[in-house]
Each structure stands twice: as structure tokens, then as C-alpha cells.
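Two complexes, one shared chain (chain A), two partners (chain B, chain C).
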Partner chain A sequence: MLAAILALAILAIIFGLLLGYGAIKFKVEGDPVVDQIDAILPQTQCGQCTFAGCRPYAEAIAKGEADINQCPPGGETVILALADLLGRDPKPLNAEHGTHGEKTVVIIDEQVCIGCTLCIQACPVDAILGAAKHMHTVIKSECTGCNLCIPPCPVDCIHIVPVGTTLQTWTWPSPRDEHVHSA
Partner chain B sequence: MSIPRKLWRIHGGLHLPGHKAESMQQPITDAPVPPELILPLQQHIGNVATPIVNVGDRVLKNQIIARAEGYVSVPIHASSSGTVIAIEPRVIPHPSHLTDTCIVIATDGKDEATPVAAVLSDYRQMDPAELRNRIRDAGIVGLGGAGFPAFIKLNPGPQLKIHTLILNGAECEPYITCDAMLMQEQPRAILDGLRIMQHALHAQRCIIGIEDNKPAALQALQAALHTDEHTLIEIVAVPTLYPAGGEKQLIKTLTGLEVPSHQLPASVGVICHNVATAYSIAQAISHQQPLIERIVTVAGPAIPKACNYRVRLGTPMKYLIEHTGASPSLPARLIMGGPMMGFAINDLQTPVIKTTNCLLALTSQELPKTQFELPCIRCGECARACPAQLLPQQLFWHAHAKDFDKIQDFNLFDCIECGCCSYVCPSHIPLVQYYRFAKTEIWAKEREKSKSDIARQRHEFHLQRLERKKREDEERKRKKKEMLDKVTQTDSAADAKKAAIAAALQRAQAKKATQASPQNVEHLSEQQRQQIDEIDKRRANPSTVASQPGKDNES
Partner chain C sequence: MTEYALILVSTILVNNFVLVKFLGLCPFLGVSRKLETAMGMASATTFVLTLSAVLSWVVNTYLLAPLQLEYLQTLTFILVIAVVVQLTEMIVHKTSPLLYKVLGIYLPLITTNCAVLGVALLNIQQEHNFIQTFLYGFGASLGFSLVLILFAAMRERIMVADVPTPFKGASIALITTGLMSMAFMGFAGLIKG
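Moving on, here comes the complex of A and B:
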């Protein structure tokens, strides 16, 4: 009897120490789920989900404070990927946050621009180049199409243009979708 | 004839009706230079060339009009003399039917060439690097179809030893005969090109693989071979079986070697080039002739007299088809490439480019009846036909479900898009379309992923920058406040005032001391000096400040 209790107690202490050591040694910094969610989100940083960027939205999803259907730029693809990752049921995009459309970027009409720098401050990815009272321009390859620079512009010189398809970005259509359309 | 060598059989494949005799009745004919040449900047795999001419410039035949950009790129030459009338987007031969930047030349009919520089043309005295540079500058890409810059395939790198150089003359797709005709008519030039490539690669042996349905080509090459070369160069007839001309398939047939998944033939010590590429290389090295024309088979039921034409690159397809005597109206369907791997051309103004090996014109009678896709019955015919030994059915399911991770587990990227699976499918499923869709979709996803990664990094940096700026502002504010606090901390305002006056006095005196040193005292007489001393003494007495300028004079 006593021997059994002793043996179990010793085992419990050993495993307890092991677990305690493991908890310190293999401590995970931050929440890995947030990183995984953040990797799925399109990183436009547009804030249409009501959060201040993709990462805050990812954190809110992980905490259960936000739903998975609040990202209009990501559209259905992102919702499906999030549903798959989190084991939730996919649902259609919440129209309150916007609609999923063609990819766009912005351009600055350089003739009209007065060089106020307001758009530069608004850009979440520093994709606008310029200085006070000097012409501004958008680095097209870095623009995420978040359109956050448009409201601050006092002279409405920023316009949305579709990215368009080039030879490099063109994809073959799916025969399945073609059938759906023709049916 | 050499001893028959052992051949290996590839998996799958199809015996297709050849339709080759129609276009082999006549020798290769020169197509006339069209009034307008349209030269797309992207004619091959790799980076787009950069134009170096302006609208209005006069250009000569063989002149470089766009230079190579980066490593995987080759320049583009003017196919005839004339004036550049536009550099603008035009429809290019591509399955997307999209437009891309083209240099448009209005030809002047003189066909005036740039003067040929008298340079060394014996390849045996050139080192491989120089050969590669010349081949690159001649704008030569693989003419078999994919259009990969040829010079790169002559540079396997120092760690790979190439033992076998294969020349691909299989030309397995129905209707296409441009390589067969070239082998019949220019066997010597093709062998010259092969020797140049062998010299550049230091390959120990060369094999020319030709399908056995081209006896004339086989004979012509055998006859052109030097008697002492039989040990180095072998000309081998391979069984006619589509797709025997696929690069990996031909290597398997001739050497028994299998190129591993996701690797290039060079990894097993083999390099494979097309016969037309060899011909162009011979032209470039021996005659300094860049790639400005190629042989194009114009065939199909809508063409009354099928034939092979030597066509200037940039010739609009409409011009070429009209030249054959076909009705100028649009054929029911025009296909660039063969019936198995080609794609439809919608706009007849599309130009012939470096990779245009065949134009196939179909009338409305030959158009395949629109057959609706039926459910897969899992018969497995596709797997039996697949020359890449893939599981087309599995690939189909995953492409259908857009499950792009799983489809890569089934080696989607080893698919050569030969079309055998679609051809045998009893349910008329356009399998290759599904694979093409999946491939381009995966590439698009990868592009998006890398773009969003960059956006994330930039956003994180942006946040960091804002944070830093905030910290710096606070720091500055804090310092300013500290300064103010220090001043107010001193005992009283009067003390501060006194201290300020004292400090001002000190400053004034220090200034005086530095300014008061006398000038022009170098060459004074003894008398003058004494006078100065006296005056100084008088001056010093009433004041307490110990300024002694006289001291300096004594030294």
C-alpha cells in the first residue's frame, strides 16, 4: 500500500517537473492561430472589416470577437480557407462590410495634386511617394487597393483603376465554370 | 547505317492519323515579306525584351530592335527593312487572346540588311561562352514549341556533366511537317548546328531522334553525315507514337533515362534541342544570321494546298493564309500549333512568332461537334494513355474541386499537356483544360501570396515607423519640459537674473580679451615698445582685469 502510494507520488513529481520544464523550454510566443489566420487574409489593410488592419482582425477572429465573413477583398476564397482552418461552417460574405470586386489600385492625377501629404499619411503600406508641396505618386506594384488614401484627399485627385489582366497574370478558365455559365 | 540501337518504350501514347503527306508535296517556299510586320516583345519564355528603337526610326533587316532584359531573355531583330510605325499593344498569339506591346514595322520592300561584320565564324576556335553569347545575340529560342532561350540550355553549369546531346526531330503531332521538311532540305546545316552545340556542351555523343514515318528525313541526314562521324553522331528512327517528341519522352525512348520530377534533363546528363533550333544556330554562327524567319507548316482542310513556308517573324497570319490561296475570310477555326497541343487564334492579324510551328485552318465541317462533358465513369483509359505516368482521373477530381494542394501531391506539374487523356476519354471530359486551369491558378495563388507577404511586411514597417515617430516626439517633449523645469527650479527669479548678468559680463570680457590683441607690432623700434608698455601700464592700473597684450610682443 505505502509502496504504491510512494511510487505514484514519485512518478507524479517526476512528470510534474518534466511538464513544468517543457512548459518553460517550449513556450510558444503569441498565438499561432493568429499567425495562421493572418497568413490567409489578403493584407490589403483596408479596414473594411472594422478593424485597424488584417492582423487586428485575425486576432479578433481568434478570440471569437469577429466573424470569418467580414473581409470583402478576400471574398469567398478567404472565407472558405478560414472556415477550413477553424473548423467552422462557411457563410456568405457579410454585405455590411462591402462586396468582393475586381482587384484595383489607385493612381494620383499628378496635374491636380497639391502636395498636401495627407494621402501619404493614410497609406498603410507606404506605397505613396512624395513630399510637402511636391508631386505625389503611387507605387503601383505596392498598392493593395485599400482606398484609404481617397477620403483624406482635399482635391479628389486620386482615382481607382482596375489592375487588369496581363499575360503574366492571365489564368485559364475552369471548364467547370464555363459549363455553369453556358447552362 | 549504324547498328540498330536498343530503344525503350514510353508509357501510354497514342497512334494518331498523321496527316503529314499533304504538306510535304512541295519544297519549302519563301513567303513574301508582308507590308506590315508585327513583332511582339514577348516571343518566348522569360523576361520581356526592351525596345531600343523609336516610332519613325528606319530599321534594317537583322537589326536589333529590342534588347534582352535579364538572363532568361533574348533580343528581337527586325525581320526586314522599313520604318517603325508604332510600338503599341496588338493581339499576340497566346491562348488568352490578350494584347501585348509589339513593334510594328512598315516594310519598304528593299529588304536591306545590316552589313555583316567580318568576324571569326569557325566555331571550333570559339569557347563555349562566346558561342552562347552569339546564340543569345542572334535571338535564338527553342523552335520546337516552348520557346526557351537556347543559349541557357547550352549552359548546364559547371557541376553537371552532359554526356548525351539529343536532337529532337520526332515531330510527333499530326499535320506538322516543318521539321521534317527542314531535315530533308537542310541536313548539312542541321548537322553543323549539332556540331556547334556538341562543341559548346562537350557532349560525348549525339543522337538525332526521328520518328520512323519520316524516311526521307532519315535518309537525308544519314547521307549528309561525314564518314568519320558515325561514332559521335547517331541517327535513330524512333517508333511513331504520339507524344514521342516530348522532351522527357524522347530521352526515355533513346537512352532509357527518366528525368526526375521537377528537374531538367541536364540533371541526368542529357540536353535536348529541336532540329530547327540547330539549324538556326548554324545560321547564327556560320553566317551571322539572326533568327528573323522560321519554317511554318500551313495545313488543314481549309487550306487548298498545304505547304511549308519560310516566313519572316512578325508576318500577320492573315497575310500568310491569303498567300496560300485560301479564301481570305476567316476559317472556321485557326489553330496555332498542332491539333493536340495548339490553341485557337481569334484575330487573323495575329503575327507569326518564333514559336509558331504550324497554322492549322479548319472549315466548319471539321470542327469537333460540341460534346457535352459527361460524368467520369472511372474507366482508367486516361491513365493508360498518359505518357507521363500520372493519374489523370485523380488530377481531374482535384482540379474540379479546386483543391490545389492535393492536386500537386499527384504531380500536376509533370503533366506535359499532350492531350492524350482528353483524346481517349469516353466521357469527353476536357481533362487538359482542367490541368491548365489548375496550373495557372496555382501560379496566380503563389503570386498573390508573395504580394500579400510584401504588403504585410510593409504594413508592419509602417506601424513600426509610426511607433518610432511617436516615441521620438515624446522624447523631445520630455527633454524640453526638463529644460524648463531646471530653469524654474533655481531659487528665485532675482538670482537667475544676477547669474544671467554675470554670465553676460564674462562673455563680454572674454570677447574683449580676444579682440584687444594689438595689430602691426612686429617691426617696432625699442622706443615705441617702451611707449606702448607705459600706456598699457597706465591702462591696466585702474581696471582689475589682467589683460597683458605687451607680453605677446616680447616673444
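Moving on, here comes the complex of A and C:
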């Protein structure tokens, strides 16, 4: 009995060490820079940078195929953070891709909605709830304000509303933002 | 020498693990939809099967047998197989990310390929020595590769053939397997015993 337990334990330890060594030896390195850039981007997945989403844009920046000033939702904050991370000079937001505004979300005018599901297919973050021929609605907390759902809507029932500051969402202005605005 | 050649011929054709012993049918049906994936799977399985057969034999002969722990064979062999599969997965992930992606879940599932455990256990049962063990494992994996690649090639043809609706998909695949199996029974007279 004791011999059996010992034999199996020793065998397991040897195999464990072997696998541990293999894991180090055959480690697959993802590009850590891409992860860092992706973490800075606002994850709106809006596609205004001309890439399919934030991750592809991050990959393009890492490869040097895209500039750091193509993200309107992120605005100056993101550009400065990227410039800092990559050691490049900050530059103003490229107006071709849009302008940085207040954070907005969309709402669906539920009286007008015909339940065509087109906006559901357009939403990159699955923030629209609904089914064919049933009224749709936007989950406000999930909406990133990318406005990609607006062009496909055949009855123009999706409207942009600013996210006002409420008692629940108000915070002290971060020193970083102040630095950005004074810069 | 003839004895070794006999082991190879026997495991590849006469006692083919998939079509005669019916072991390892899961990956046989799972990854045979495309010739390229079948080839990738065949090479990965060849590596795992041969290495795990040899390692199992070594563990059994030098650890289990002296301690009279033969009753732990199945457990120990599964451990050996799992380790070899993990190692293969790491190597494939590192060397060929594309193949890694294509094989997907079937790569870790080599662990549960019963042909792998079957070969390891049969080696002990038939009291093979080291070289015989190696040849038995290698032959078994060659046999597996042979029928997997043949079957994948056939399935690619069947994909474009006009199959009657009730037979489409898995049914025609299983019928084809059955026909292949009958064809392989023709090899039964090749070796006596």
C-alpha cells in the first residue's frame, strides 16, 4: 500500500517537473505591448479608427501601421497615455476620424420600433435586447456610445442622449483629466 | 528480423486498431473531414502513441513490476498518456500555431483516444520486450494514420457526391467505415496467428 502511494507520487512529481520545464521551454509569447495598448483604449468597439474594434487597432499601433491619434471616444486622454507608453510625441486628434465629445448612449423610441433586429446585428457589444417583430431596447449600462446602430435603423427610432452626471455617477475630477485640459 | 516485420505488418494491416479492433473511432470520425487536418492529427497521434507505448512499458518494467504493483497499470498508463499529450500540445502550439488551431479540442482529446491506452495495455499483456513494444506502438499509429488519411480523402470525395438525403452526414461516414472495415478483414489471412 505504502509502496503504491510512494511510487505513484514519485512518478507524478517527475511528470509534473517535466511538464513544468516544458511549459517554460515551449512558452508561447503573445505580444505584451498589444495588451497594454488595448488596456488604454476605451473599448467602445466603435470602429471610428477604421479598424474593426479596439483590439485590432491596438495590434495595428503595435505594428506601426496606425497612428495614435485615431480614437475619438478616447480623445486627448488616450492619445497622451499612448504617447507616454510608446515614447512618441503626442499629437492632436485626427479630425478625419471624428471629434471627441461628451459620453453619450443611445435610446430606442419604443413606440416607433418595428422589431427588425438590424440594430442588434450592428451592436458590437450586444447592448441591444430584442427579437424579431418585438420591441427592442438598449441596456444603458452596456452601451458604449459608438452609434453604430443608428445607420441601419430603417425607421430612425434610435436617438443619441448624453449621459448626464447624476448623484450616483459624479466623482471628483481626476488630476489626470485636469492635467490634460490644461496641457 | 522477420518477427519485427511481422509485428509492423500485423499492426498496420491485419490487426488495424481502428478498423479491426475498433479502437480510437472518435478522432477517426472527428477530424477526418479534411485531408490536411487528418494528416496533422495522424502525425500528432503517431508521436503520442509511440512515445506513450514506450514510456508505459518502461514505467511498468522498472517501477510497477519490481514493486508488484501491476494492478495500478491502467491508472499509471493514463497518467503517462496525459503527460505525453500535454507535452505534444505544448510543442505543437509553439511550432505550428495554425495546426494547433485546426486540431483544436481534438489535440487534448488524444488523451481519451482508447487506441493509445489499448496499445500500452496490450504491450504488457503480450509480454513484448522493448523493441517489440516500440514497433507495436509505431505500427499501431501508422495503421491509425493510414486509415485516417484514407478515410479523410474518401470523405472529401463524398462531400461533393450526390448522397441520398437520409444518408447524408454521419450516416454515410459510418457506412463508409463499415465498408473499409470489411475490406481490411481481407488482410486476415496474411499472417497466421
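Simple rule for what comes next: the second predicted complex is superposed on the first by the 144 of 183 C-alpha atoms of A that agree within 3 Å, B and C clash if a C-alpha of one lies under 4 Å from a C-alpha of the other, contacts with A are read in each partner's own complex, and residues count from 1 in each chain.
Just so it is clear, contacts are C-beta pairs under 8 Å (C-beta built on N, C-alpha and C of every residue); 3 or more make two chains touch, one makes a residue touch a chain.
Note that the structure is predicted; figures quoted are calculated from it, not measured.
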| request: State whether A:3 touches chain B only (first), chain C only (second), both chains, or neither. | output: second
| Taking the superposition as given, does A:11 touch the first partner, chain B, the second, chain C, both, or neither? | second
| query | Between chain B (first) and chain C (second), which does A:126 come into contact with in this model arrangement: first, second, both, or neither? | reply | first
| Superposition-derived comparison: chain B or chain C, residues of chain A touched | B
| task | Classify the contacts of A:171 with the two partner chains as first (chain B alone), second (chain C alone), both, or neither. | result | first
| Residue numbers on chain A that touch chain C, as the complex places them | 3-4, 7-8, 11-12, 15, 18-19, 22-23, 26-28
| request: Give every residue of chain C touching chain A within the complex, in rising order. | output: 59, 63-64, 67, 69, 72, 75-76, 79-80, 83, 86-87, 90-91, 93-94, 97
| query | Where on chain B is chain A touching in the complex? | reply | 42, 92, 94-96, 98, 100, 372-373, 399-400, 402, 430, 433-434, 436-437, 439-441, 443-444, 447-448, 452-456, 458-459, 461-463, 465
| Interfacial residue positions of chain A with respect to chain B in the complex | 38, 41-45, 53-54, 123-127, 142, 144, 165-167, 169-176, 179
